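Structures incoming, each one as structure tokens.
Shared between the two complexes below is chain A, which pairs with chain B and chain C, respectively.
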Partner chain A sequence: MKKFIPKEAQPAPVETTGIIGWTRENLFSSIPNSIATILILGFLASFLPGVINWIIIDANWSGSTQADCTNDDGACWVFVSAWMQQFIYGSYTDSEIWRINLGLILLGAVIAAPYFLPKHLRNKLGVPMFLLYPFFCAALLDGRLFGLEFVSTDLWGGFSLNIFLAAASIIIAFPLSFLWALGRRSEMPFIRSVCVLLIEFFRGVPVLALFFMGSVMLPLFFPEGTNIDKLLRVWIVLILFMSGYMAEVFRGGFQAIPQGQYEAADSLGLSYWQKTLLIIFPQVIKVSMPNILATFIMLFKNTTFLLIIGIFEILSTTQTALANSSWLGGHAPEGYLFVALVFWVCCFGMSMISANIERKLDTSHRN
Partner chain B sequence: MFKFSSILAAGLAVGVSVGAQAGTLEDVKKRGSVSCGVSTGLAGFSQKDEKGAWSGLDVDVCKAVAAAVLGDSSKVQYKPLTAKERFTALQSGEIDLLSRNTTWTHTRDTSLGLNFAGVNYYDGQGFMVSNKLGVKSALELDGAAACIQAGTTTELNLADYFRANGMKYTAVTFDTSDQTRSGFESGRCDVLTSDQSQLYAIRIGLKDPDAAVVLPEVISKEPLGPVVRQGDDAWFNIVKWSMSALIEAEFLGVDSANVDKMKDEGKPGQKRLLGTEGDAGEKLGLSADWAYNIVKQVGNYGESFERNVGMDSPLKIARGLNAQWNQGGILYSPPVR
Partner chain C sequence: MSAEHATAKSASFFNNPRNRALIYQALLLFGLGFFFYSIVSNALANMEARGIKSGFGFLFTASGFDILMSLVPYDATSTYGRTFLVGLLNTILVSIIGIILATLLGFVMGVAYFSNNWLVKRLSVVYVEIFRNIPLLLQVFFWYFAVLAALPSARESMAIGEVIFLNVRGLFLPDLIGESGSSIVYASIGVAVVAIYMMRRWAKKRQDDTGEQFPILWVGLGIFFGLPLLTALVTGLPFYWEFPELKGFNFRGGITVIPELMALTIALAVYTGAFIAEAVRAGVQSVPHGQTEAARSLGLKESRIMSLIIVPQAMRVIVPLLNSEYQSLVKNSTLATAIGYPDLFTVFVGTSLNQTGQAIEIVFMTMAVYFAINMTISFGMNRFNSAVALVERK
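For the complex of A and B:
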């Protein structure tokens, strides 16, 4: 009997596999698609080499003064490297920069703590650490409380200031906005109307207007001789602004929680705060996570608005550097590209962290 | 919880400081530093360097006041201010002195509760043209396209000037000084107009600075000077005379190099300024060597000018109006006697 020998499978036609297949499928699947591909490739071909040349190949990398930028056709990265300390730390006293670094490390530690702390300590230790961080950090940078050299807030600046302000604002705004959101859902008319008023005011007024109020109007209301530090005023403005937005994010979260959860908690005999903190709050956080992160990224980028009231955060530092008479060669593209890159890296990093948290929290509503 | 509340209280104490209601001079002496409002960055006038140190013509006024009052020109707290905040900061007492390229105008002097303590730079609107144009005077600019920064008094002055001289022009407006420069560079206009001090800074930023020339005409008056709060005449006098000392020192030929010699061996006028004769310092409520400290630590006006905006700086601005009155300029200090 003849044995049946199956024929070996034919390989797939060349035009459907490998690079060729992929290209045909994705780039040249139809006539309009092909035209679009060719146009885009043509555009990139005419545009990219020049940009790459300017950014990398012809760029001036080494040196410390403008005179070292000898090649006019390339970017002058010397500008960025010469001003790097200002861009990151501002004018903070040289010998005290370790305090900024310590503050940044602590921030990382506070964020990372929940991943490493044992479960029973996570809330007991993690939350107070989080809430105390802004005050501790402010005292550390200021220095007087710890008996360190006093560094006045005029000298704070650079990208570290953007980070500290954003972090310190969101940490305080978090509990505050949660309370506002609760108040807005409250059945007590006075509390509800106060919360609605606060939320709508701080959400409805542009943040620039709030900054101007904080920096130009507010000082006129105090008795002469009373000065509230400009940075402190701005911090408060950021907290309130952020709270307004976050409260609405939380309200959205509250509405996503099924009514049954409230009823179940009530039927167990839990008090209002037990119900809110133990049953509702964790679910709200989970549902609102993407929005919380989006709001935070928005606030983080909004810290650059501080340039209009003369606080030396990174963008304002860049403009100051551009105005220095030793660097008047038109280095704006390099400066702004650097700022854009720094922000993009940070914001993209935050998106990754948020995606990670979302995956971790994804427990439910999947049957 | 103890920790939390103590840190919070400290945080508030950090931010809030209540100054005494006494005179500014006492406040400054008590604090040990002069709080001086400057710009957030203007080439040659108040600028920060890579190390975070401030320098400039306006900054030197702050330093001079600190040297006169505290004997140390480095005891200045610089408060960078935007144009919108500057007067509020002064009115609310956040700063003792505003030295931020501020034009002395009637409205500002009379209605804001402020006093201008003098003029440390006579600025005015000027023109910059490309060398290729071969123009020697602004009066030859009939029909020109002019690059200007939108929304400034520059725009109005330009319109006035051209109308007064029966000439036509096309305005090409930009938002920032950077854009104005690239507009001029790419040939979108024949002439760029701005305050003269700015013109020089813009000119250096050009790819080929030598291809452009600043015309001699100045079409507006922009006297820039330090400002103090109204109602504290003792402090007003100190700022006014600290500035005058810079100018008078140059007039008398005293500079940071020869000040020690002049103090003992100088002419009577020089000795009076430097405190070896007379009681000029005492009358201001300062020590006798107030002006000596200024000249020793900051230099005289001429030194400050050349170092920050003049020939020793990248800006290379000529003295022009800002020369001494006997050198063809209009700088004039009342005598110290």
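For the complex of A and C:
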């Protein structure tokens, strides 16, 4: 009787495994796909080497004046390094720059505090620290309150100002927008309509119009002779603008909370504020976190709009540097690339964090 | 009844929710009233001190400045009302072009994410992540000061077939100008639109009745282009082309797209396109995979699965997101003022306000306009949304 001898298993055909298989499957699986691949590769090949040459290989890296940029075919990064202090700190007094650094470190500390504080102190210490930070930081940068040298807000600027303004605005907007969102859900008709009007107004109007309102209309609304600092007015506008958007984010969060949570809190006999702050708020924050971060990214990018009303944030500083008589000669691409990179790193980082939170919160089973 | 009565009596006045609500609202009303009273009285006093006349009379006085680009005739003797109109039209122009380009770019890039070509997919991801995370104003500056400012001068402009020219002064396109009799052709376009609408209704009814499909897209395109073309041929082509020509240092004739408009629309389209691509991606991902599998098991082709099964369901997620993206595009078009494109914000809140000093009227008029534009978009998109929304079983 013949015995059945199975043949050795054949290895997979060479064209379906390894690099060749991957290429066939992902780049050349059909005729349109192959055309697209060749077009993109051709575009990259014609475009990338020149860009890389300009940015890295032929670029001028060292020196301190425009004369050091000898190679005209490459980027002049000397321009960026020479203006670096201005880009980051604006015209802030040289000897006092430690105050800006301290402010930035404190900002990091305030954000990181909940992770390090012991549990029983987290709310009691963390929340007041968070809410007081903007005022403390403003006083620190201004200096008078702490007996330090006075630095006028005209000198504040650079990327640190973008960070401070965005952070200080969202921190104050947090409680304010939560109140607006509560008001929008309120059963009292007058309070509800006032909140709806506020939210829709600040969301529906271009932020630039709000800035103009802050700079040309607001002074008309105060008694003659009152002089409110320009930066303070900008801060107020940013807070209100941000509150409009965040209130809508919170509204979405409120809608995600099951009705049973309210009923359970009521049946335990909790008061309105106990119910709102102890039961509802923590759940709302949790579901709204990705959207809050997205809104913050928008606010952060929008701080560049302040250029138009003459605040020396980083883009405005770049424009000034580009117009400087000892740096004429078209450094616009270098300057813009630097600012773009700074913003991109910050915003992309935050959107990664946001996506991470979303993934952690997402318990649904999807394929 | 009696129990309710009893609680109302036993609770103290302040613990009655109804009384409390009244008190809170009265307090808010009082606070707001005081706030508005004080700002209005201050504003009136301040304006009197500065010698600003309030009211809208300024709209009928001559503005005395010229505008770089206007869709309606305008010169320095025109009134501020006219200035407002010019700015409004320019804003609408940039918004419409921006919305069309952003939608095209966004949908192409959003769908590209689902390509089975690795490079195409990466291209979509890189595009979205780069342009979404860089401030719009920076992108506007980049296109205006770094890209368009680096274009060649008028004498060395880039040309496509000697009819389209691109140089540092802008983009120059040939213009189609109608002679007498052209109005019949324009009317035929209107007739074509009505005919397409009727055909769609008829085709839908036929499909509902018999299940047979009608090639709406191709026949529609045929009517849209065929009918005006036929009319034009019959009336003896009452059109001629006006080509841009180099005269002196600049081009004359044809349509001129100024670089400010180009930079702004490119930046708005690229920036908003990245967000729309995200929305499209989210929409397609929201359709459960089972839908694709069911469609495959019915034997539908891959291309039909996308257009008949996935996209209609994805639209439910995409349309509300598109609504807010379009609105933010319109609001962001105010950045025109940073590069000097004469939109409503630049000519009205910028120049007119500087000249007249009537801050309150001008800022409120401008805000009202943006509000109205956004309401219109919102209304249109909500109509569209109810057309694509899930229709539950009746």
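A few remarks follow.
Here is the rule we use: the second predicted complex is superposed on the first by the 337 of 367 C-alpha atoms of A that agree within 3 Å, B and C clash if a C-alpha of one lies under 4 Å from a C-alpha of the other, contacts with A are read in each partner's own complex, and residues count from 1 in each chain.
As a convention for this text, contacts are C-beta pairs under 8 Å (C-beta built on N, C-alpha and C of every residue); 3 or more make two chains touch, one makes a residue touch a chain.
These figures come from a predicted structure and were not determined experimentally.
With chain A as the common reference for superposition, the partners chain B and chain C occupy clashing space.
Using the contact criterion defined above for the overlaid structures, shared-chain residue A:220 touches chain B and also reaches chain C. When the two structures are aligned on the shared chain, A:152 is found in touch with chain B, with no touch to chain C.
Touch criterion met: A:332 reaches chain B and chain C at once. Of the two partner chains placed by superposition, chain B and chain C are both touched by A:212.
Of the two partner chains placed by superposition, only chain B is touched by A:86; chain C is not.
In the overlay built on the shared chain, the residue A:324 is in contact with chain B alone; chain C does not reach it.
Shared-chain residue A:285: touches no atom of chain B or chain C. In the superposed model, A:136 makes contact with chain B only, not with chain C. Judged by the touch definition given at the top, the superposed model places A:229 against chain B, while chain C stays out of reach. When the two complexes are superposed via chain A, 243-251 is the only one of 99-107, 171-179 or 243-251 in chain C with C-alpha atoms clashing against chain B. Touched by chain B in one complex and by chain C in the other are residues 212, 216-217, 219-220, 222, 224, 307-308, 319, 322, 330, 332 of chain A. Against chain C, in their complex, chain A makes its touches with residues 25-27, 29, 33, 36-37, 40-41, 187-191, 194, 204-209, 212-213, 216-217, 219-224, 297, 301-302, 304-305, 307-308, 315, 319, 322, 330, 332-333, 336, 339-340, 343-344, 347-348, 351, 366-367. Taken together, the chain A residues at the contact with chain B in this complex read 72, 82-83, 85-86, 90-92, 128, 131-132, 135-136, 138-139, 142, 144-145, 152, 154-155, 212, 215-217, 219-220, 222, 224-232, 307-312, 316, 319-326, 328-330, 332. Chain B contributes residues 3-4, 7-8, 10-11, 14-21, 40-44, 47-52, 77-82, 84-85, 88-89, 91-94, 178, 181-182, 201, 204-205, 207, 308-309, 313-315 to its touches with chain A in the complex.
Listing the residues of chain C that touch chain A in their complex gives 21, 24-25, 28-29, 32, 39, 42-43, 45-47, 49, 115-120, 123, 129-130, 132-138, 141-142, 145-146, 149-150, 288-289, 327, 331-332, 334-335, 337-338, 345, 349, 353, 359-360, 363, 366-367, 370-371, 374.
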